[in-house]
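Common to both upcoming complexes is chain A, partnered first by chain B, then by chain C.
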Partner chain A sequence: MHPFFTILLKELLIFFRSTGLVLMVIYFFTAEVYVAGDGVEVEAKNISIAIVDKSAGGISKKIISSLHAPEFQTPKFYTSQKELSDAIYDRDIMIGLIFDEDFEKNYYKHLNPQINILVDSTTASQSLMALGYLQNIVMDFNKMQLPITMKIHKLFNQNATTSYFMSLSELLSVITLLTVILTAVVFVKEKENGTWDIMLLMPVNPKIIILAKSFSQIIIVMIGTFLSVGIVLFKGFNIPLNGSLLNFFILTFFYVWTTAGLGLFIAAVSKTVTQIAQLSIVIMMPIIFLSGAWTPIYAMHPILQTLSIFSPLRYYIEGSESIFFRGSGFIDLLPYFGGVILLGIVLYWYGFRKIGKLF
Partner chain B sequence: MLKIKDLTVRYKKKIGIKNLNLEVHKGEVIGFIGSDGVGKSSALNAIAGVLKFEGKISYKGMSYTSPKEALEVKKQIGYMPQGIGLVLYDTLTVSEHLDFFADIRDITIDAEFLEYKQNLLKMSGLERFLQRKAGELSGGMMQKLSLICTILHRPSLLILDEPTTGVDPLSRIEFWEILKHNSQNYGAISIVSTAYMNEASKMDRVVLFDQSTAIAIGTTVELLKEIEPFVYEKTVQKFPNSLTVGEATYSLEKLDIPHQTPILESLFFINSLKHNALLPALKISQKNLAKNTNKITIKANKITKRFGKFIANESVDMELHRGEIVGLLGANGAGKTTFIKMILGLLPIDSGELSLLNKKITSAKDRQELKSKIGYVSQHFALYDDMTVRENMLFFALMHKISRKKAKELIGEYADELGFREYLDDMPRSLPLGINQRFSLAVALLHDPIILCLDEPTSGVDAIARRQFWDLLQELKIKRDISILITTHYMSEAEFCDRVVLLKDGKKIADKKIAEFYEEFPNAHDFEEIFLEYYR
Partner chain C sequence: MRLRVIKAYFVKELIDLYRSKLIFMPYLVPLLIVVLFGYGIKMQVTGVRVLILDNDHSKISRTLISKFEHSKYFNTTVENITEEEGLEKIKKASKDMIVIIPSSFEKNILKGTQSEIGVFVDASFPSRSSTMTNYVQGVIYNLAQDYHIKSSQMIQLNNRNLFNQSLRDEEMIVPGLIGLVLLVSPAILTALLISKEKEKGTIFNFYSSSVTGAEFLIAKLSAIFTLTSLNIFILFFVVIFLFDLPFRGNFFLYWISSELYILVALGFGLLVSIVVSSQIVAIVVTLMLTILPGFLYSGMLMPISSMNNEAYIIAHLYPVMYYNHIIYDTFLVGQGFDSSLNILYLSLLAGYALLFFFVGLFFLKKEI
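Entry: the complex of A and B
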C-alpha cells in the first residue's frame, strides 16, 4: 500500500477512535447549525402587549383587533397609564399602547391623532421589529387617506426567513472553524505525544505525510458537510435549492483545502493543542468578520471592504448563497470559484512550506 | 512520631497504594524505593495531606484522615513535589527566593535564622550564585535550592518526591548531606522517594514498593540478610521457579550452587518470584544484516548545538562501531537528548560534521535513504495512543514499505520473542511501562536497522524489566551485529555498555571503555563513584 493511504487510514482510524473529537464534530455540524438557524430570532414573535384605551371608540378597537398571533400575544387591558408602566417595569409586558381620551375626536378632525407607545427595549432588535409592525398596522389603517402604498417584493428568500440565511452561513463558518482546528490538531497532537519525531524518521517523503494528513481531515469535514446539508439544512429548515448541489460540494472541497492551508500554518507555529485554540481564534475572527457572514460587506468601512477581498470565506459564502438561493449556474459561479481557488493556492502553499520546514 | 495505618489511596480506575503500615521516629530518614507507578507518590501525597485517602495517619498525636483535617499538621510539613525546580520561580534570583520563602512562612529574621540560612547556602555551594536567576541554574542546583526553600522554616516532617532523579552525582551527594544534616541536628523526619537503588545506603530504613504495595520495610542490612538464602551465583542451567538476571540466579527452592551476596535489586527479583510475576523469557532471533565493510557506523566530529545563548552541545566528538553499545550518560540537561536528536536529524546541527554509515550528512536529502537503516526509541516510548499495539506495529511496518503479509509475520515473531503477544490488542497507554518498552523496541527493529538509538529507554521502568532490557540489548548486539547508542541518567547502568561517553553541561568529559574506567580508578566500588571523580 502506498504510504499516502497508510497515513490516511491511520488518521481516519485515530479520528473515529477519539470519541470526544467525533462528538464535537457532530455537534458543530448539527446542533450548532440548527441553533444558529432557529435560535437567533430577529423577527417579532409572540410579543406581550397591553393597552390603555381611554378613547372608547371604534377606531382604537379596530387597531387593537389587528394585534394578533403570531406577532403578538392576546393584548391585556389596563385602566391607567400607571398600571401599564408598572407592568412593563415588572417585565410582564413589552409594549404598551395608550389611546388618549380625544384620540378619536382628533382623528376625525384631522388634528394629528396620537397613540402613545411605551416600549421595553432591553432586547433592542425584537422591540424595534415590533415597532415596525405597529407602524405598518397603523399605516394600513390609514391607507384610505394615503395616496401612496408600498408593495414589497422579497426576492430569493420570499418570507425573508432568517433561518435560511443564518443556518447556511453558520454551516460555512463551522466548516472554516473545524477544518482549521482539525488540520492543525492532527499535526500538533503528534508533537504533544512525541510521535512527531518517529514520524520524521520514517523513510517517507515528508510531502506525502503532509498531504495525507491534511487530506484525511478534509474527508472528515466533507462528510460532516454532507450530513449537515442533508439533515439540518434540507430536513430541518427546508432550505430551497435553486442551483446544483454538486457545484456546492465542489466549491466546498476547494474551500476546505484553502482553510486546511491555514491549519497547516497554525500547526507549524503551535506546540500544544491549547495554542491552536488561541491562534485559531485570532486568525479566524478577521476572516469571518470580513467575509460578510455577520454584516453585509457593503455596510462595512471602505478599508474593511477592500480587505474583505482577501477573506476566502467571502467568496465561499457568496458562492454558496448564489447556489442555494439564486440558483446561479456554473458560469456565474466562476468568480467565486476563482476567488476560493486563488486564495487557496496561496494559503495552502504557504502553510505547506511552513510545516514542511519542520521536516 | 509518624504513624501510618492501613493507608490506601484509590483513583477512579486504579489503586495508588494499598494498606501501607509504617511508623517513623524522630530524626529518621526513610526511603521509598520503586519504579514509576508503584504507589510512591500516592503514599507521599497522602502523608503530605494533599490527597484523599483511606486509613489513618497521625503525626505528633494529631491524626488526620483527609486533606481537610491535615490543615493543622501542614504547618510542620515541608513538601517537595516530583519534577525539577517545580517550587521555584524562573525569574527570581537565589537570594530573592530565600527572602520570599522566609516571608510567606512568616519566619522571624534573627541571628539564629541568618546563621542557619548561611550554613545551608554553604553546604549546597549556592553561596556563589546568590544573584543568579533560578531559571539559569543547572538541574542539580535547582534541586538544592528547592530543598533549602522547603526546609527554610524548619519543618519537622519533610516529604520529598524523587528529588534526585536526573540530578548529577555531585549535586546528589550535596543534596543528601543537607538532608542528613537537617535530620541529625534538628530531628526532622524525612521521607524521600527515589528510583536509584544505590541511594538506599543513605537512608536509615527503606520501604520497597512494587505494584501498589510495600513489599519490604527495614534497614538495607536486614532486608539483604533476609533474602540471602535465595541468591546464587549466575548459572546457565535452567531450574523451575528460578530466575537469572544480571549477575545472579534467584530461586526460592534450594539449589546446589554456591551462594552470592545479594544486592538491593535482588529484593524486587525475589518478590516477583514469590508472586509468580515473572517476565516471560525474552530472546532475539539471529539475523545477518547487510555486511557493511566499514566498521564505523556513526562518526560525529565537533558537533555543536545552541539554543539562543544556551549551548546544549559543545564540540562533541563520538564514534560508534558495529556490534558496540555506547552509553551516553549524564544528568538532566547535560545534552544527551539533544545529541541523539542531532544524530537522527531531528534537530539541525549548528556546526561540526556528521557521517552515518560512511556517508557524510550535509542535507536532509542525504538522510532520506539512511532512514531505513536507523531505528529509534524515543523518550517515554511515544506511540499512537488511539491505536492498539498491533495497529501501531502494522502502521510503522507499512511506512517502512514492508508488505502487509510480511508485516503480520514480523509482528507475530516479535510479539513471541519479546513476550507481549497477549497485549497485542490493547491500547499502549493501558499497559505497564515495561511492556511499552519492549514493544517500542520491536517497532524500532521492524525494518532491521543497523543503528539503534534509544533515548532513556529504562527510566521509570521497574528493576527487573530494566535488567532484562539490558540483557536483551546485549543479545541484539551479538546476534545482529548492530550499533546501539543509548542515553540514561542511571549512572549504574554504565556497567552494561561497552563504552561510555560522559556528558556534563553539553561537553564531553569522558569517553572510555568500561575496563579503562576501572583501571583509572582502581579504588572505585561502582560507576557512581567513578563519575563523581569526573564531575569534581
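Entry: the complex of A and C
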C-alpha cells in the first residue's frame, strides 16, 4: 500500500479506538447543532409582561386583550407601581404597562391619553422589538388610516425562522472548532511522545505524512458534516435548500482542508496540548469575529473589512448561506472557492516548512 | 491538610505554567474574547444597503428617498433598473433590501386612496431582516404622518427604558461576556491539569505518595485560582474604560461573586478532567459544556423570563444564570446587597462550588 494510505488508515484507527472522542464528535455534530438551533431565539417572543391598571375601564381591557402569544406571555396583574417595579428589578418581568386613573377620561376628552411603560432594557435588542409590538397594537387601536401600506417580502426565509440561521451557523462553527483542534492534536501528540522525529526519519516524503495525517481528520469531519446536514438540518429543522448540495459539500471539503492547515500551523508553533488549547482560542476568535457571522462585513470598520479577507470562515459562511438560502449557482460561488483554496495553500506551505523537516 | 504539601504543589504548578510560556494566556484569552465580541456582536443594524427603485419620480417619492438618505441606518442608492435586476443583486449579496415605489404613488396619496410600497428583504439573517423592516416601517410612518392630521385622541406610549437607557449593544453584551470568559478560561486550564498527568503517567506519583485527595485538589486548584482571580480586576477596568459601561452596583458584590464563580468554573473543569482520561477529550468536553450554555443560558441574547418551559428549567440548573443576574445587577441595575435575590443567588454559587469540589473529590480515587 502507498504510504499515504497506510498513515491515513493508522490515524483513522486511532480515532475510532478512542470511544470518548468518537462520542464527543458525534455529540457536537448532532445534539450541539440541534440545541443551538432550537434554543436560541433572537426574535422577541414569549415576553413576560405585567400590568397595573388603575383606570378600570373598557379601553385598557381592550388593549390588554391584544397582548397574547406568541409575542407575549399571559400578563400578570399588580395593584401598585411599587410591586411592578420590584418585579422588573428582580428581572422577573421585562415590560410593565401602567394605566393611570384618568387614562380613560383623557381618552374620551381627547386630552392626549398616554400609557406609561417600564422596560427592562438590559437585552436592548429585544426591548426594542417588544416596544415595536406595543406600538403596533396601539396603532391598530387608534385605527390610524395610513394612505400608504407596505408589502414586505422576506426572501429566502419567509417567516424569518431563527432556527435555520442558528443551526447552520452553529454547524459551521462546530466544523471550524473540531477541525482545528483535532488536526493540531494529531501532530502535537506525536511531538509530545517524541514519535514525530521517527516519522520524519522514515524514508517517506514528509509532505505525504503531513497530508495523510491531516486528511484522516478531514475525513472524520466530513462524515460528521454529512450526519449533521442529513439528520439535524434536514430532518430536524426542515431547512430549505435552494442551491446544490454537491456544491455545499465541495465547498465544505476545501474549507475543512484550509482549516486543517490552520491546525497544522498551530501544531507547528506549539509543543504541548495545553498550548494548543490556548492558541486555538486566540487564533479562532478573530477568525470567527472577522467572518461576518456576528456583524456583516460591510458594517465593519474599513481596516477590519480589509483584515476579514484573511478569514477563511468568511468565504465559507457567505458561500454556504448563498447555497442554502439564496440558491446561488456554481459560477457565483467561484470567489468563495478561490478565497478558501488560496488561504489553504499558504497555510500548508508554512506547515510543510516549519514542521516537515528535521533539521 | 498539610500546608507544606499544598505549597509545594502550588509552586510547582506555577513554575510549570511559567515554563510552558502560558503564564500570560489566562489573561490574554479572556481579554481577547471580551474585546473582540464586545465590539463584534452588533444587534443594532446600521448601514443597511438599500436600493430604491423609483417608478414615480414625483415630489413625494423624492421626499421619501431623502428620508432614507438622511437616516443613519441606511446606505441608500437609487437606480433605474427593473425589479428582476434588483432581486438579482440581493441574490449576489450585494444589496440587503429593495424598496419599490409604485408609479402614480403621489397621485394616490393626494387622492387619499391606498398605495402600496413593495419591500424585498434578504432574510438569510433573520433577526437583522426583522430589524430592517422595522426601520423601513418607521420611515414610512414618518412620511405618512406628514400627510395625516394628528388627533389628540390618539393613545401615546410613554416608555422609560430602565437599566440601559440608550439601548446600547455594549451594555447588553459586555457584562455577559465577563460571565462567559470567567467560566471558559479557568475551566479549560483546570480540565487539562489532571488529564495531563493521567496521559503522561505522572499521576502515579500522586497515587503512590502520602498526599491526600483533598490536598492534591486544593493545591492544584489554588495555583489557577490565584492566576485567574486577577482577571476580575483587569476585566473590570477594560470594560469600564474601553466600553464606557456604567457601574451602578456594589463593587464588593461584583468581586466576591466573581471569585465564587471562578471557583465554580474550576470545580467544573476539575470534574471533567477527573472523569476523562485524555487531554484532547478534556478540552473538547469543556469547550462543549461551557461555551454554548454560557451563551444560551446567560440571558445575554434573550431574557431568562421569556424562555419556554424546558429551557427555563435547564437555565436554572446551570450556574451561569445566577452569576449573570448578579453581574448585570452590579453594572446596570445597582441593587447590590439590598436585593434578597442577589444574596440567594450568591449562596447558590457557593453551593455549586462546594458541590463540584466534593463530587470531584469523591471520584478522584487512588487506583493502582
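The rule we apply is simple: the second predicted complex is superposed on the first by the 323 of 359 C-alpha atoms of A that agree within 3 Å, B and C clash if a C-alpha of one lies under 4 Å from a C-alpha of the other, contacts with A are read in each partner's own complex, and residues count from 1 in each chain.
We take it that a residue touches a chain if its C-beta (ideal position, glycine included) is under 8 Å from a C-beta of that chain, and two chains touch if they have at least 3 such contacts.
Here the structure is a predicted model, which is why all the values come from computation and not from measurement.
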First, second, both or neither for A:Ser66, with chain B first and chain C second: neither
Which of chain B and chain C A:Arg17 touches, first, second, both or neither: first
A:Val282 touches, of chain B and chain C: first, second, both or neither? second
Which superposed partner A:Met129 touches (first chain B, second chain C, both, neither): second
Partner chain(s) touched by A:Thr274 [first = chain B, second = chain C, both, neither]: second
Touched partner set for A:Thr6, first chain B, second chain C, both or neither: first
Of chain B and chain C, the chain that contacts the larger number of chain A residues: C
Which of chain B and chain C A:Leu200 touches, first, second, both or neither: first
Chain A residues contacted in one complex by chain B, in the other by chain C: 18
Partner chain B, residues of chain A touching it in the complex: 1, 3, 6-7, 10, 13-14, 17-18, 193-195, 197-198, 200-205, 359
Residue ranges of chain C in contact with chain A within the complex: 20-22, 25, 28-29, 32-33, 36-37, 40-47, 49, 75, 87, 90-93, 108-109, 112-131, 133-134, 136-137, 140-141, 143-144, 147-148, 151-165, 167-169, 171-172, 188, 192, 196, 276-281, 283-285, 287-288, 292, 295-296, 299-308, 311, 325, 328, 332-333, 335, 339, 341
Chain A residues touching chain C - in the complex, by the definition given at the top: 18, 20-21, 24, 27-28, 32, 35-36, 39-48, 63, 73, 88-94, 107, 110-129, 131-132, 134-135, 138, 141-142, 144, 146-158, 160-162, 164-165, 177-178, 181-182, 185, 189, 271-278, 281-282, 285-286, 289, 294-296, 298-299, 318, 321-322, 324-328, 332
Residues of chain B that touch chain A when the two form their complex: 341, 344-346, 364, 368-369, 371-372, 374, 376, 378-380, 382-387, 391, 395-396, 398-401, 404
